[in-house]
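These notes open a run of structures that come right after.
In the two complexes that follow, chain A is the common piece, with chain B as its partner first and chain C second.
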Partner chain A sequence: MEKSLVINPDKCTGCLQCELACSYENEGVFNPSKSRIKVFTFHQEGRFVPYTCTQCSDAWCQQACPVDAISLNPITGAKVVNDNNCVGCKVCTISCPFGTINYNHSTGKVIKCDLCDGDPKCVSACPTQAITYVDADQTGMEKMRQWATQTDNSPSTNA
Partner chain B sequence: MHYIIVGAGPSGVIACETIRKMDQDAQISLVTGQIEPPYSRMAIPYFLEEKITQSGTYLRHDANYFSNNNIDIVSQLVTKVDTAQNNIVLANNETMAYDKLLIATGASAISPPIAGIDSCNVHNCWTLEDARNIADKAVSGSSVVLMGAGFIGCIILQSLLKRGVKLTVVEMGDRMVPRMMDDTAGGLLKSWCESKGITILTSQQVTAINETNNSDHALNVELKDAESLAADLVICATGVKSNITFLENSGIAVDQGIIVNEFLQTNIDNVYASGDVAQALDFSDQTKHVQAIQPTAVEHGRIAAINMVNDNKNIHQGSINMNILDTMGLISTSFGQWMGVPGGEQSILLDKDNYRYLNIQFKDDCLVGISSLGHTQHIGVVRGLIRGKVKLGIWKDRLMENPSRLMEAYLATSLSQV
Partner chain C sequence: MSWAGKLLRVNLTTGEITTEALNEEWKNDYLGSRGLASKYLSEEIDPACDPLSPENKMIMATGPLTGTMAATGGRYVVVTKGPLTNCIACSNSGGFIGAEMKSAGWDMVIFEGKSPTPVYLYIENDHAELMAADDIWGTSVWNTDEWLHNKHQDPLLRIAAVGRPAENGCFYAGIVNDLHRAAGRSGVGTVMASKNLKAVAIRGTLGVGNLADPAGFMKAVNEGKAVLAENPVTGQGLPAYGTQVLMNVINEIGALPTNNMKEVQFDGAHAISGEAMHEPRKSDGRPNLTTNAACFGCTIACGRISTIDQGHFSVENKSKYWGNSGGLEYEAAWALGADNGVDDLDALTYVNFVCNEEGFDPITFGATVAAAMEMYEDGVLTKEQTGGIEFNFGNAVALTKAVEWVASGEGFGQDLALGSKRLCEKYGRPELSMTVKGQEFPAYDPRGIQGIGLNYATSNRGACHVRGYTVASEVLGIPEKTDPLTAEGKPGLVKAFQDATGAVDSAGLCLFTTFAWSLDNIAPQVEAACGGGWTAERLVEVGERIWNLERDFNLKAGITSADDTLPERLRTEAAKTGPAKGIVSKVEEMMPEYYELRGWSSDGVPTDETRKRLGLKD
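Up next is the complex of A and B:
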């Protein structure tokens, strides 16, 4: 069964452990600005919202990539950036309507969530279970995908 | 069912893939006039910079990708489309019959009609062949004149500087990248380029290019209102136009490009068009333009293919014009109606010293466009907000105060996460 990240902002305390774990796992440094998951702070509402890629099925980033640098990991369902192919043109960063693939100035390539090969470090780092990794059919992922379809207004080509 | 796709750019390749996903039994032919495997123009600056080799520009990296997906590549230029007989004629005089045809022949670089433009040391920067020619001549210490400071011109500045050339840019407009930047952004970009040692001449024109007998420099470039320039190489990046001349007498309706309806279908029922050759709906102003940008090319390719297979089940609501440009490390973007709309409102953040600029445009309480310098994180949500016509409510006031909170506005309004 494919699994997906489920984020419950109600449980998030804004501790940013997920950002630190992500940047350390993927970039080898404790630097939240290099994290692929980002916690947004809403001071007025007193609320924290962690946010990252939902691995949408007809991935906009993957289709827009001009050099075949984004591929599907068939086991996890993640869309993964291949650094050897990425030239850093950033077309994917304007194509993704969710804003979850970003340019990394220090490498000259783009970065996005790859589900850490099926063991997402943001999940193990989260002390309050605001981020969990569970079977896809129990998640709000379907809701997210429906929203993605609305903006696209296209039936899935996988149908 | 035999689908013929003419043109092996991103739009044609995505169309082939989409058809194959939907119909395992379809016969798919991808006809291309290029000698190289399908490649991407977006990658050319990185090839010029020698960050990648030629194969790094290929749209699909597996050498057997197309044969594995049962897509036949036919390497011939198409000279004619006969819509009465449902066939295309190739340069070798062979014909190929189609059931459904997609024209995705893209665009070609244009050159202004000035004396000397055909000189062997003047090149466009559009194809891989152009890039190879430029790489041969743009060697360390050489003097290069770049005509045109548009998107293509600006995206190769870094590659040219890295090759060690002395560079002068001549732009007819009064600022750099006039089609994606206002005075403020264009002005900042100009001073950024000058700080990197490039000479930028705006409101200026090349009037003639003369070949010299001078052993130092092969060319003398005459300017309208300034002293002429000595150059070894002139690069012409003054614009592109859709490749439609082979459609003369085909009965397919054209204007600037091929005119298509909301299904990316031409006036001929079984003929579709996509990408840089298609004059299709623009999301923002709901009129038909040739946008000639990569995200639109792939969006067109996918939607046209779905409609070819599914008999027009997928309505194209128009593509948002958008660009992202890296000019020697200064990253700029533009989306939608970045220039604003009548009766609209705008919110601006400007930090000249650090080359940061963000200009966001509203119509009522919806975002309709932005232009930016130095803002890259989560920039894609701009597409989501514009495309979803998301009602911003209180977030409009917050964005009027601080336009950099776009991502928060998106989370709060589109995803109801707050």
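Up next is the complex of A and C:
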């Protein structure tokens, strides 16, 4: 079954455990500045919002890459950067409408979420289940369930 | 390992910035953060120096776990000689700047001397530079934060700054980082401003790695996170209510100091409690609390993000306070609320916002207002002296005026900026200052919780709850329940809590983990990160060594055993209501046993044997 990351900002506390897990998995150090998932703080509004690649089916980054460095992992559905091919031209970073693929100046390559080969470390690190990894065809299930609980179809006492 | 291995030394007098390797021997003896910085300070300054002179130094320090994925591993400390207490001061803060400093490649930054003109320190990894701060001198922390973000065009810059009270010499100014986290106590911000240092702005992109045993570290971290998640305090109580979960609990057991500690229970406790922060306001239907928030790497997330009702008198026509910001923690809610008899949640939230905006300690501020209110009610202070307004207990308007006066340094604010000890001495009523070694008590009455009284009396930075939080045992039953009303066994309990706390602080972790973790949960994380044989026993020894080092500093600064006591009120005026009714603090009864357990003489001086055992200098 293909799975997708589902992010619920209402549950996020801004702790950055996801960024730490991501950078550690991919770079071997705890380094939010090298994380593929970012948590944004909206101070005035009191909101924290994790944001990362949604793995577009028809991916702008993949289309734009002139050296075919971005390929599909058919098992996870992730668009994965092949460091051997990437020349660091950054065209993908311009083409991505969401800004979720970024240049890493210390390696000269681009970095993006690759779903950790089907075991996303941000998900297991998140202490509040603000980031979950669920059936790609049912990403709205949790929201639907929440609305469903508010549906009052119990037998009315006045019926 | 896990330490960055180097420190920045910033000579503000000459403007020279140098790099040094971290002292290997000292880090093995003192671990990091509080312990290691205290060792450096003790070695480098005369403890008898004037804390606001260029001879004093100020150290910002991280621990080996700061910046790692260890739950709560984002702490940093400011260690210096404190002007409020004339003792060694160590103020601990969360937020994000500690991890940023570590990620920039620095275990600590030592500031010495005094800059001829206002400056701030800018750090971007290996690059560190002093820059002119003339444009932000005389402005608030919040303004400074915005100015620096704009100037450097970097939204990810992490900033710690002082506000106007620090510049004006308020004795209890703190250093605020990330807008509303603070190294708040003992006047560490006053020291920073005395050096003409307005802010520290850091961007670190190197990351923290270099772990002794990476796989072992992740295993220990994940096990630790699971323990925090499953514990009712760290997994449920603190995320839902923050530290404010305590307001009703402590009131019930008759240990909520009220009206400058004349009473031990407050009728308005519920109105200012964590539960009340969830209730919809009558005026706009919104609760005070918007959400909980975490510091760097913290899986507890006790932080409060709150709003004030836009129609509340305190913020009428002041739109800058209409958005969300750091809300009330228990100690602040108590000091601003119960201790002044004020039960107006929005007023307390406003005052807390201003304390963050301008950088001063709401505990000492609140308790100083309480002392002033008692002097006003006793007729010692008159309306002419209190800015032309009634200054009685329960007066929310007086409280909000007071915070504005201290922020600006105007009028009666100059008196209130002294802290309660100097204020009460000035007006001839020293007995009304509820302090130890010049620092105001936090929110637990030593008559209703006996052990915490002994901890206050012996704390090396003056009255303080986070030096040995025996409330965990005496009230919450962690790790085991002890009777809060008895003195028996408390000297040992206090020592155990104090020593363990020194180790937790020095690792770079938050003390709140210890509601769920023992040192047996912490040692494996430290060992996997650092290597070199870090066991729970060794951590306790490090904690004890730190305690004695701090004690030594204070003895050389002129503190004596006569300072290890509580105000007369708590020793002679019994609690009037609640479970502690008829009881006074038995601090004097507990002290000899405490000294003995510490391996100190009857004068409170570490014996030669104790020094030798802990490897302290003669």
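As a working rule, the second predicted complex is superposed on the first by the 139 of 159 C-alpha atoms of A that agree within 3 Å, B and C clash if a C-alpha of one lies under 4 Å from a C-alpha of the other, contacts with A are read in each partner's own complex, and residues count from 1 in each chain.
Definition applied: a residue touches a chain if its C-beta (ideal position, glycine included) is under 8 Å from a C-beta of that chain, and two chains touch if they have at least 3 such contacts.
Keep in mind that this is a model prediction, so the values were computed, not measured.
Student: Residues of chain A touched: more by chain B or chain C?
Tutor: B
Student: I'd like to know which partner A:Y24 touches here: chain B for first, chain C for second, both or neither.
Tutor: second
Student: Looking at the overlay, what does A:R47 touch: chain B (first), chain C (second), both, or neither?
Tutor: Both partners, chain B and chain C.
Student: Who does A:P127 touch here: chain B (first), chain C (second), both, or neither?
Tutor: second
Student: I'd like to know which partner A:N85 touches here: chain B for first, chain C for second, both or neither.
Tutor: Only chain B is touched by A:N85; chain C is not.
Student: Residue by residue on chain A, keep only those touching chain B in one complex and chain C in the other, then list them.
Tutor: 45, 47
Student: Of all residues in chain A, which touch chain B in the complex?
Tutor: 9, 38, 40, 42, 45, 47, 49, 51, 58, 63-64, 66-68, 85, 87-91, 93-103, 105, 144, 147, 150-151, 153-155, 157-158
Student: For the complex, give me every residue of chain A touching chain C.
Tutor: Touching chain C: residues 13-17, 20-21, 23-24, 27-34, 43-48, 125, 127-128 of chain A.
Student: Taking the complex as given, what residues does chain C use to touch chain A?
Tutor: It comes out as residues 67-69, 71, 96, 103, 156, 179, 204-209, 214, 218, 225, 228-229, 239, 290-299, 301, 303, 305-307, 323-325.
Student: Within the complex, which stretch of chain B touches chain A?
Tutor: These residues of chain B touch chain A: 10, 14, 18, 21-22, 40-43, 45-46, 51-52, 56-61, 294-295, 298, 302-303, 306, 310, 313-315, 317, 322-324, 326, 331, 333, 335, 376-384, 387-388, 407-408, 410-412, 414-415, 417-418.
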